[in-house]
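Each of the two complexes below includes chain A, the first together with chain B, the second together with chain C.
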Partner chain A sequence: MTAFLVIFESGLSLGAMYAAASIALSLVWGSIGMLNMALGAMLAIGGYASFALVEYLPVPWWLGFLASLGVGFIAGAVLYYVTVKWMYRVPTFDTSIVIATVGVAIVIENLLVKIFTAYAKKQPFLVDDGILMGSVTMRYQSLINLGIALVIMLILSWYLNRTRAGTAILAVAQDRDAAQLMGVPVERIFLLVMVIAGVIAAASGVLLTAVIPMSPYVGHEPLLKAFIICVIAGLGNLPAAFVASFVLGWFESAVSYGAGARYGFPAMLVLVIIVLLWKPYGVFGRRRVTRV
Partner chain B sequence: MKLFPGMSNYVWAKYRTPAEKQLMNTPVEELAKKGLSRRDILKGAAVGGAGAIVASSATLAELNEGKAEGDPIPVGSALPFTGWGAHDAIEFRNGIEMAVDEINALGGVLGRPIEMHWEDTKNQSADEVVTAFNRLIDSKEVHAIINGYNIGPNNAEYEPVADAGILYLHHNTLLHHHDTVMSDPERYYSCFQTDPAEYWYGLGYIQFLSWLRDTGQWKPRNNRIALVSGSTPYSIVIVNAMNESAAEYGWEVAYGPEIVKTPTTEWGPTLAKVRAADPSAFANTHFPSQEIAQCQNQFMQDPIDSLTYYQFGAISAVFTDIAQENALGTTVATVIGQLQDEIGTTFENKYRELYGENSTPLVGCETYVSMYHWAMAAALAGGSGEPGDYDQNRKVAYRLQKLIYRSVVGSVNMHPEWQAGIPYPDYTNDPSLGQPHLFFQIQEVSPVRALVAPEPYNTGHFMIPSWFKDNGGLPQIGA
Partner chain C sequence: MATTRLEVDGLTAGYHGQPVLRDLSLHVNDGGAVGIIGPNGHGKTTLLRAISSLIPIMGGDIRLDGASIKGVRADRVVQQGVVHIPQGDLIFTELTVLKNLTMGAYLAPKSEIGSRLKGVFEIFPRLEERQGQMASTLSGGERRMLALGRGLMSAGRIMLIDEPSLGLAPIVVDQIYDVIRDLKAEGRTILIVEENISRIVDFADYVYLVDHGEFVWEGEPDELMRHEKILETYLGG
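And now, the complex of A and B:
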């Protein structure tokens, strides 16, 4: 029973962390076909924005969290105007944007080093305690992260499926040219997606840095894990990405507990290979058909 | 144990000039009678008698006869300013800057001021470090590179250093340094590790636990210990040394050595296994301060009466910044750290005055000492050499080898074959001939660490950690 509780608690903590990162990546990748390699840096921006506001102004932690969403909004818009606006019509957009966002990430991370140094910081948005379940302590922070990630996923799903703007995003995701012919302002939709992704990334950054000590490079590992989760879940499927985050979190924890901590991540990669051999478009993904 | 097994001067003897050889055989008193200056005598002493002198920072002032007004000597440092070791890199830079300011105020190196050049080694990979070294050597033409640590390249940076023949003093703290230097002493004559290798952390930890037990400062409820390590060779060498020496001192390794991947942020499964093993002591040799602070935080969610130890990383202020009260009682060690005696506290006070109360002089002292050590050796050798000036730099290396430097970290004494610091009490029982392997305990939420071992340098007393339910009637933190 103890082993089960340990794996459940640890997997929940990891899953909440992965879910927070994968939602923003999944949205942008699925809707505008952009693999945003600057996501890790945008996570860091969110974390540092909350930290700086609480530490230097100072404001309460909840206000710092909300203000970081505003910073994420701006970061998303800036990323759009620096990269996407000039590149989305280019035939090689899929690959060019990867290189461009890697460049942006390097710039952002170096700016954060200049401003805050690379000295690790503690996120003020942090609850240390937990609740005892049998012989295992369930961390409140994991539950908070789970709750906020779930709320973000639900709001985003509602927005995409129940609003005109969301429908327009889905239309662009299905067929950009057809959507434009139907009068959808594609350029504005791209901006909208980037801004939403920026806000989600900022919120995710605060959640992540409550679990991982904050540094300018804090987003590197979550970006890698989010990438894996999006591939397994299928592009653009937000609920699937959310569920996959926890499944992989529990899987990694189970392997770490059973076989040893160093085998958790390699085992996760083996699982990804097996899944992709079985379902090349992800467990919940569908084949994309390009009509000529 | 023999202090210098197989000691040999064959590498050095041929670099002595006839005048030096004469000085070696001339008593200091006779030199004084001949009207030689103190500088001449000090230079003579450096090569005289048993081949070593004990020096302090004041030695440099004695060697200089004027202000530092000559051509600057370019010296480099390649540190991980923007990678995971950035918090230590900042302290290493502070230590160097402080030493350079003092040395230049003392007249530099024989009248030539030191001019620093910096490079960033980011995450300390082989290409990042070697590129930084090449820039310092080719572009800045540095005479020496004074470094903190770059753990990633596994001595790849020795090659450009050996090609140029410049001096290289570092604190990589790797046993691999011994192997590289001893594999070709002629080629690597200028590479020095100014502290003992990481191996000594392992043996030293077991001896420390045993000392606490045997002196009654701690009453372990059983003889079980748990060992966890990061996945870098550095951490694994240490944990293996612990594992190999535990039984000899009466300890049973009940869990581990368990290797976790680097980086690691989720310690839940590993800590569950540690708790299940019910050890009296738990050692984690994973390195990054922020990640082991996270480990301690997660340990404290469901603590057991187990003494926690984090090798080196918990020295840094960032550990207590993140772990806060959870850190109280944790032990940590370093094979090089500033003492809390008169020399050490004078340094510490000045360092904190210059770099703030939250700075970590325990880390900054490393490069501070190395910079002085090199400057004194260069002054004793008659000056430093640029890249390609092999003869002059061999003289500097020779002085470094022979100079026992009583510094803020104790006695820095280079082993003649390893070209690395000799540790006390792990290797030599004489504190005047080795760098003390210092053990600290975190007893307050601040950058200050209580120095609890080894004798005679300890100024604090070990206390039972705050989370112990049974303190055995011994003094407990927070009780």
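And now, the complex of A and C:
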């Protein structure tokens, strides 16, 4: 029973952390057809933005969090203007955007090293307490992370399903040409998608660095894991990415608990290979569709 | 004298730098119905895609009401009143029928959407019955109705219609052509690609025959029917 609770608690916490990053990756992938390798760097930007404001200004933690969303918004827009805008018409966009965003990520990470040094920092507002469940503590921070991930998912679903611009995003994701024939300006929609993803990535970065030490490279592992989650969930399938985040969080926790922490990630890779052999487009997948 | 709504002037266009269409010229008068015929894969769809700015123009020009749309973004061309109902329908399969239709009115003021929906549902009651259904689950005929209905949601005056009868039972084709005929009667300007020769002869007032990306014949439909050699060579008798 204790084992179950330990795995449940840490898996939930991991899942919440992965969920926001996976949604940001999946949304961009599904609607623009872009594997955003700069997502890890965008997580770091979010983490450092909130850190810098709360630590140096100082502002209260919640204001730091909100301001980091604004910084994420700008980061998303900048990434759009630096890469997507110039590249989306190129026939080799799929691959060239990977290289371009890797380049952007390197630049961002080096800037962060210059400004904040490479030493690990601590987000100033980790909530240490928790609720005791039997012999296991459910950390408040895990619950906060879970809550924020849920809110992000709900707002995004509402936006995509209930607003005109959201429907246009789905239309562009499903058939870019047809959407253009309806009068949808695809470049504007791409920009919109990038800023939404930027905001979500920043939120995810703050959540992440509330739990683990923050360095300019803090987003690398979450990016890889978000990538695995999106592949398993199927490209652009947002609810599936959300659910898969928790499933993989629990899977990773179970493996870590049973076999040791260092087997968690390799086990995930084995899992993804098995899933891809079984279903090449992911468990819930189809080719490049954004669904909510 | 009739005014020219749409003019294609010496158009060269294609994909990845390879021209599919070479030096093509045509015009459609206000309220006119012009048909394009020709064998598979010879550039009919490419012509409509160039007019909608989905692909760039490599040479020549395209004018709407005398103004060039060369290099104009596709959504701006739609704004100027061009409605393109694409071949293979290109509906949004993961959206409901209703959302597909409202996407058709993307540029329209919100207040107009209700009345336009009503109009489309009057023409295609089937779409009203199925408005909550995912478009991916529609039958072939229903998809075509949806593509046409979605086009009608934008009140554009220049319609580009690509092979509306393809793959449909004659009775459904009859219904679809009734709708298209009504559009013409309303005074809309229509450029239509059609492989079904008898349909086009019935409907169009002028016809262009495309072969290997060039127009090899043009004229009135009844002239075409007298042209046995052309009918035999291009259209299998």
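Please note the rule applied: the second predicted complex is superposed on the first by the 285 of 292 C-alpha atoms of A that agree within 3 Å, B and C clash if a C-alpha of one lies under 4 Å from a C-alpha of the other, contacts with A are read in each partner's own complex, and residues count from 1 in each chain.
By definition in this document, a residue touches a chain if its C-beta (ideal position, glycine included) is under 8 Å from a C-beta of that chain, and two chains touch if they have at least 3 such contacts.
The structure displayed is predicted, hence computed values, not measured ones.
Participant: State whether A:Gln174 touches chain B only (first), chain C only (second), both chains, or neither.
Facilitator: second
Participant: Should A:Leu143 be classified as contacting the first partner (chain B), the second (chain C), both, or neither?
Facilitator: Neither: A:Leu143 stays clear of chain B and chain C.
Participant: Give one of first, second, both or neither to describe whether A:Pro91 is in contact with chain B, with chain C, with both, or with none.
Facilitator: Second partner only, chain C.
Participant: Of the two partner chains, chain B (first) and chain C (second), which one does A:Val272 touch, if any: first, second, both, or neither?
Facilitator: Neither chain B nor chain C is touched by A:Val272.
Participant: Which holds for A:Gly264: it touches chain B only (first), chain C only (second), both, or neither?
Facilitator: first
Participant: Check the contacts made with chain A and report whether chain B or chain C touches more of its residues.
Facilitator: After superposition, B is the partner touching more of chain A.
Participant: Who does A:Val184 touch here: chain B (first), chain C (second), both, or neither?
Facilitator: second
Participant: Touching residues of chain C toward chain A in the complex: what are they?
Facilitator: Its residues touching chain A are 16, 52, 54, 73-75, 78-79, 84, 86, 90-95, 99, 102-104, 106-107, 150, 154.
Participant: List the residues on chain B that touch chain A in their complex, please.
Facilitator: Interface residues on the chain B side: 81-84, 86-87, 89-90, 231, 258-261, 263-266, 268-270, 272-273, 276, 289-291, 293-294, 297, 301-302, 318, 321-322, 324.
Participant: Which part of chain A faces chain B closely enough to touch in the complex?
Facilitator: 2-3, 6-7, 9-10, 13-14, 109-110, 113, 117-122, 128, 130, 132, 135-137, 139, 211-213, 215-217, 221, 253, 256-257, 260-262, 264-265
Participant: For the complex, give me every residue of chain A touching chain C.
Facilitator: So the residues of chain A in touch with chain C come to 91, 164, 167-168, 170-171, 174-175, 177-186, 289, 291.
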